[in-house]
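The structure's right below; bear with me while I get my questions together.
In this document, chain identifiers A, B and C correspond to the written order of the chains, with residue numbering beginning at 1 in each.
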Amino acid sequence: MDFGIRIKDRHMWALFVLPGVLLLVLVLGFPAITSLSYSIKPEKAGAASYTLSNYANLLKDPFFSKTFWNTAVFVFLSVASHIILGLAVAVVLNRALPARPLFRLIALLPWVVPDVVVGIIWKWMYDPIYGALNDVLLKIGFISTPVEWLSNPKLALFSVILVNLWRGFPFVMLILLAGLQAIPRHLYEAAAIDGATKIQSFFHITIPGLKKMIVVALALDIVWEVRRFGLIQAMTKGGPGVLTEVLSTYTYKQYFQFFRFEYASAIAVVMTVVLLLVSLPYIWMISQEE
Amino acid sequence: MKKIGIIGICTVVVLALFCFQPAAAEVTLRFSDWHLTEDVWNKSLNEGMAIFHKRYPNIKVTLEPVSYGEKETKYTVESAAGRAPDVFHVHAFSLPMFFGKGFAKDLTPFIEKEGPGFLDAWYPLPLKLMKHNGKIHAMPGDYMTMVLFYNTEMFKAAGLDPNKPPKTWDEFLTYAKKLTRDTNGDGKVDQWGFGTLGAKSPGFSLRFGPFIWSFGADYLTPDMKRSALDSAKAKEAFAFFVELYTKHKVVPPGLTAMGAQDVRTQLAQKKVAMILGSGWTPPIVNKINPDLKAFEVLKAAPAPMKRKQATAIWLSSWVMSPNTKHPNEAWELMKFITSKEIELKWFVDNRVTSSRKDVSGVAPEILNDKFASVLASQLPYGKVEPQIKQWPEIMDTFTTSLQEAVVGMKTPEKALAEAHERINAILAR
Amino acid sequence: MKASSFFLKEFFPKTILWVFLIALCLYCLFPFTWMLSTSLKTEAEAFRIPPTWIPLKPTVDSFIGIWVRKNFGIYFFNSTVISLATAVLSTFFGALAGYGFSRFFFKGRRFLIGFFLATQMLPGVLLVGPYFKILSRIGLYDTRTGLIIAFLTICLPFSTWMMKGFIDKVPVSMDQSAMVDGCSRMGIFFRIILPVVAPGMVATILFAFLLAWGDLLWALCITTSEPMITVTLGIARTVGEFRIIWPMLMAGSLVGGMPAIILYIFLQRLLVQGLTAGAVKG
């Protein structure tokens, strides 16, 4: 493809980047500004036009701090488990195996079902009386009494995270697998000739080669897990109590159940700011190189 | 690689062609109802619409189903953009929020045109709930009470007389204990006395009402400005409910995840002997498990009481969008769906009683029906929750405390006290 | 090889490998077997306590019912069109932007990178309402295009980051040697870069496809008439006020998962095998 006009190569970046920027600004600009501006509007009609009262209420809200903490735990454990399992599976599936395409397909399956459906199905599978999970565990003797996965205060959040692990690891696995496939074979062959063990190759070739992809997967997954909504909403709606309430479900509740548009916007602003702060190192890192 | 770019562009072009939507010719009304997604209701509604179309051939009604859990989300977004359906169906307990945001049209002009006495056909309480600033902004629909449903065969098997359902909550507890047993001799309890909700859903407060009100307590003070949950009677009612699960264990495990459908399934599958339900219960239970022969085996009785008879009311309502382009036609549709003839049809087809006195109080179909007669008899004892816009938030925080008590995180006393504090904070805003 | 080193180097690792693979398969497939089992049951049997794994009265009624009684055909069409368009467009624009961020170091680059990422962090819950308002003003309310634009935009930052990550791995020397040969930037992009990052594109396309396919909130708010309903929205409707029609829910979910799987297989063939065959591997 060639363009008639001679554009300096230096300026070509615009051609590549600007379409995306334009799209984002046009489509999300108005919604973003509207919803953010709601956060400084007062809840009570008739008070001042702009106020920080919503943020003040956030600080006073006993549920908000619990929700925040839950979100942190949820995201941390989900992302960590995704990376660990995703990496393990990617490494295994990168090897020469019989029926490898089939295994790759199976590993992808949990990702294929929509969040909401996964939530509904797992909620049922977790049911103490007629859930499939307890049924199987009882039959093979793993447990002797039905476990209350979603009702036991000690288990509730972890039960949700477990489902999220099942549902989310294929995403990380796919990215890491693509990254693994980009590591040239001859590096391993050279190492083998030099007498390196598999473990040594893993730590000295694989991991460094994957470093960038791991960081990409990490950053994307963190943002993605903070936004995770349908899964949790369908399974527990944030209950019991506020044990599984996360920022996304809390915002939804405030907006669509309590009709507190202004307060919900304030929560969203906080969410966005926190996420930005968390990803600042990442932004710094990826714009640093070369 | 160019191929992918070209495919992409072609896709966009093809899609653009699909977006062309032909304009409507005659008056078209958009009607939305979650019942359209239920088999139980769908047929009946479609028949009703066919009758309407025969009478008003120039009005076309497009039906927009919406799933039960998503309806508030959808109507909120649509209303905020001025694009809500012309007529839509909501719970009466959502009304304060819709009214507060101006999402419901004032129906007074239409009612006045119908002549004096038009509203006399309805029970007073439903009408009161339709009012915003003294004016009617919605029309009442289904009106039912929560009553006790029980399985007569399980009663007999436990040595209880199926014709003597429990009348007081204390009696109820005794019955429930007897009905919680191991039926197959394997040493594990597999049948419980009472099934109830514990999940955060609108159905929860419907089933808690008979507890708190018949104990003589209430959620808020009469002026609805403060929480009344610090009264001794409120504490009693709360503790009684929580202890059914934690102490007496007459409720199946996993309570906080139980929604209305789970409870009905428990009844259908003979896992519980008693539940609180309403007109929709027998047909649904029957659909879940035809082998149970729900209509024969189940019986209805007034909800048990402590100090006075009181039960919760279920009320649905029809709202007209303030942005409707055809208010007069929309009114005809609303009038039709709430007319005596059609309200009776809703009962006959779906077993829901009506907010019209000239149907629920009088129709032989209702008075002779084993279940509906009990429902109707309880209407005078029906109470409704405070109709304020903070109510969903208050109920959510109350349920949070209840769940914390039920799973043993806090004692009922402490949990209720915290709910009391938080509710006061909400009301003070 | 000595027997013990054979055990350590060959047999033991291989056994662990296979144990791991089998465990993985069980882990991934367990809920699907439950879904399949339930989808073949009658509604009453789906509620049995204790649950049965092999249906006592197997029936394909649900699989037929979703097409015949519930308009699954229309939902399928809508979802496929919307998700494919989102996938292709967002990956394309994402690759473009990813390349731009990877190869060029212009003023404001860091800011734009941050900007892209920041747009990801706004929760959809708040954006839906105002977006819906815009759509209805320009007449795209209740259309597939309206949904495509929404998903495309939500997906774009993710696609950009994924593609940038993959493009970064392609050595700049390849670009430079192509430029020396007289190739334009666009030419480099299409003929050199994209083929090499094909495996990464698979992940990106699939991600975008699934994001659009599995969405409920936007589809719920932006579409309303029956001809526009998506599969996920249709499945959500089986969760009624009164009861969940489990067999239908499961059948719908299983069938609904098929396109993504087919897409993946197709992408593997087309992109990875077909294109990398012609590319030069670093």
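The rule we apply is simple: a residue touches a chain if its C-beta (ideal position, glycine included) is under 8 Å from a C-beta of that chain, and two chains touch if they have at least 3 such contacts.
Only a predicted model underlies this, so the values are computations on that prediction, with no experimental measurement involved.
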Chain labels contacting subunit A and also subunit B: C
Chain at maximum distance from subunit A, centres defined as averaged CA atoms: B
Which of A-C and B-C has more C-beta pairs touching across its chains: A-C
Rounded Å distance between subunit B and subunit C, as computed from the means of their C-alpha atoms: 37
Whole-Å separation of chain centres (CA-atom averages), subunit A against subunit C: 14
Subunit B: positions in contact with at least two other chains: 2, 73, 76, 269, 271
Subunit A, residues touching no fewer than two other chains: 1, 129-130, 256
Set of subunit C residues in contact with two or more other chains: 47-49, 128-129, 190, 216-217, 236, 239, 244
Parts of subunit A lying in touch with subunit B, wherever the complex brings them together: 1, 43-44, 57, 60, 62-63, 123, 126-130, 146, 148, 150-153, 236-242, 253, 256-260
For the subunit C and subunit B complex, residues of the former touching the latter: 43-44, 47-49, 81, 84-85, 88-89, 92, 128-129, 132-133, 136, 140-145, 148, 190-191, 194-195, 216-217, 220-221, 224-226, 236-245, 275
Residues of subunit C touching subunit A in the complex: 13, 17, 20-21, 24-25, 27-32, 34-35, 47-51, 53, 93-94, 96-97, 99-101, 103-106, 109-110, 112-131, 134, 149-150, 152-153, 156-158, 160-162, 164-166, 168-169, 172, 179, 184-187, 189-190, 199-200, 202-203, 206-207, 210, 213-217, 232, 235-236, 239, 244, 246, 249-250, 253, 256-257, 260-261, 264-265, 268, 281-282
Residues of subunit B defined as touching subunit C within the complex: 1-2, 4-5, 7-8, 11-12, 15-16, 18-19, 21, 30, 32, 34-35, 37-40, 62, 64-70, 73-74, 76-78, 80-83, 85, 260-261, 264-265, 268-269, 271, 280, 284, 287-291
Residues on subunit A engaged by subunit C in the complex (per definition of touch): 1-3, 9-10, 12-17, 19-21, 23-24, 27-28, 30-32, 34-35, 38, 88-89, 92, 95, 97, 101, 103, 105-117, 120-122, 124-125, 129-132, 135-136, 166, 171, 174-175, 177-179, 181-182, 184, 198, 212-213, 216, 219-220, 223-224, 226-227, 229-230, 247-248, 251-252, 255-256, 264-265, 268, 271-272, 275-276, 279, 282-283, 286-287, 289-290
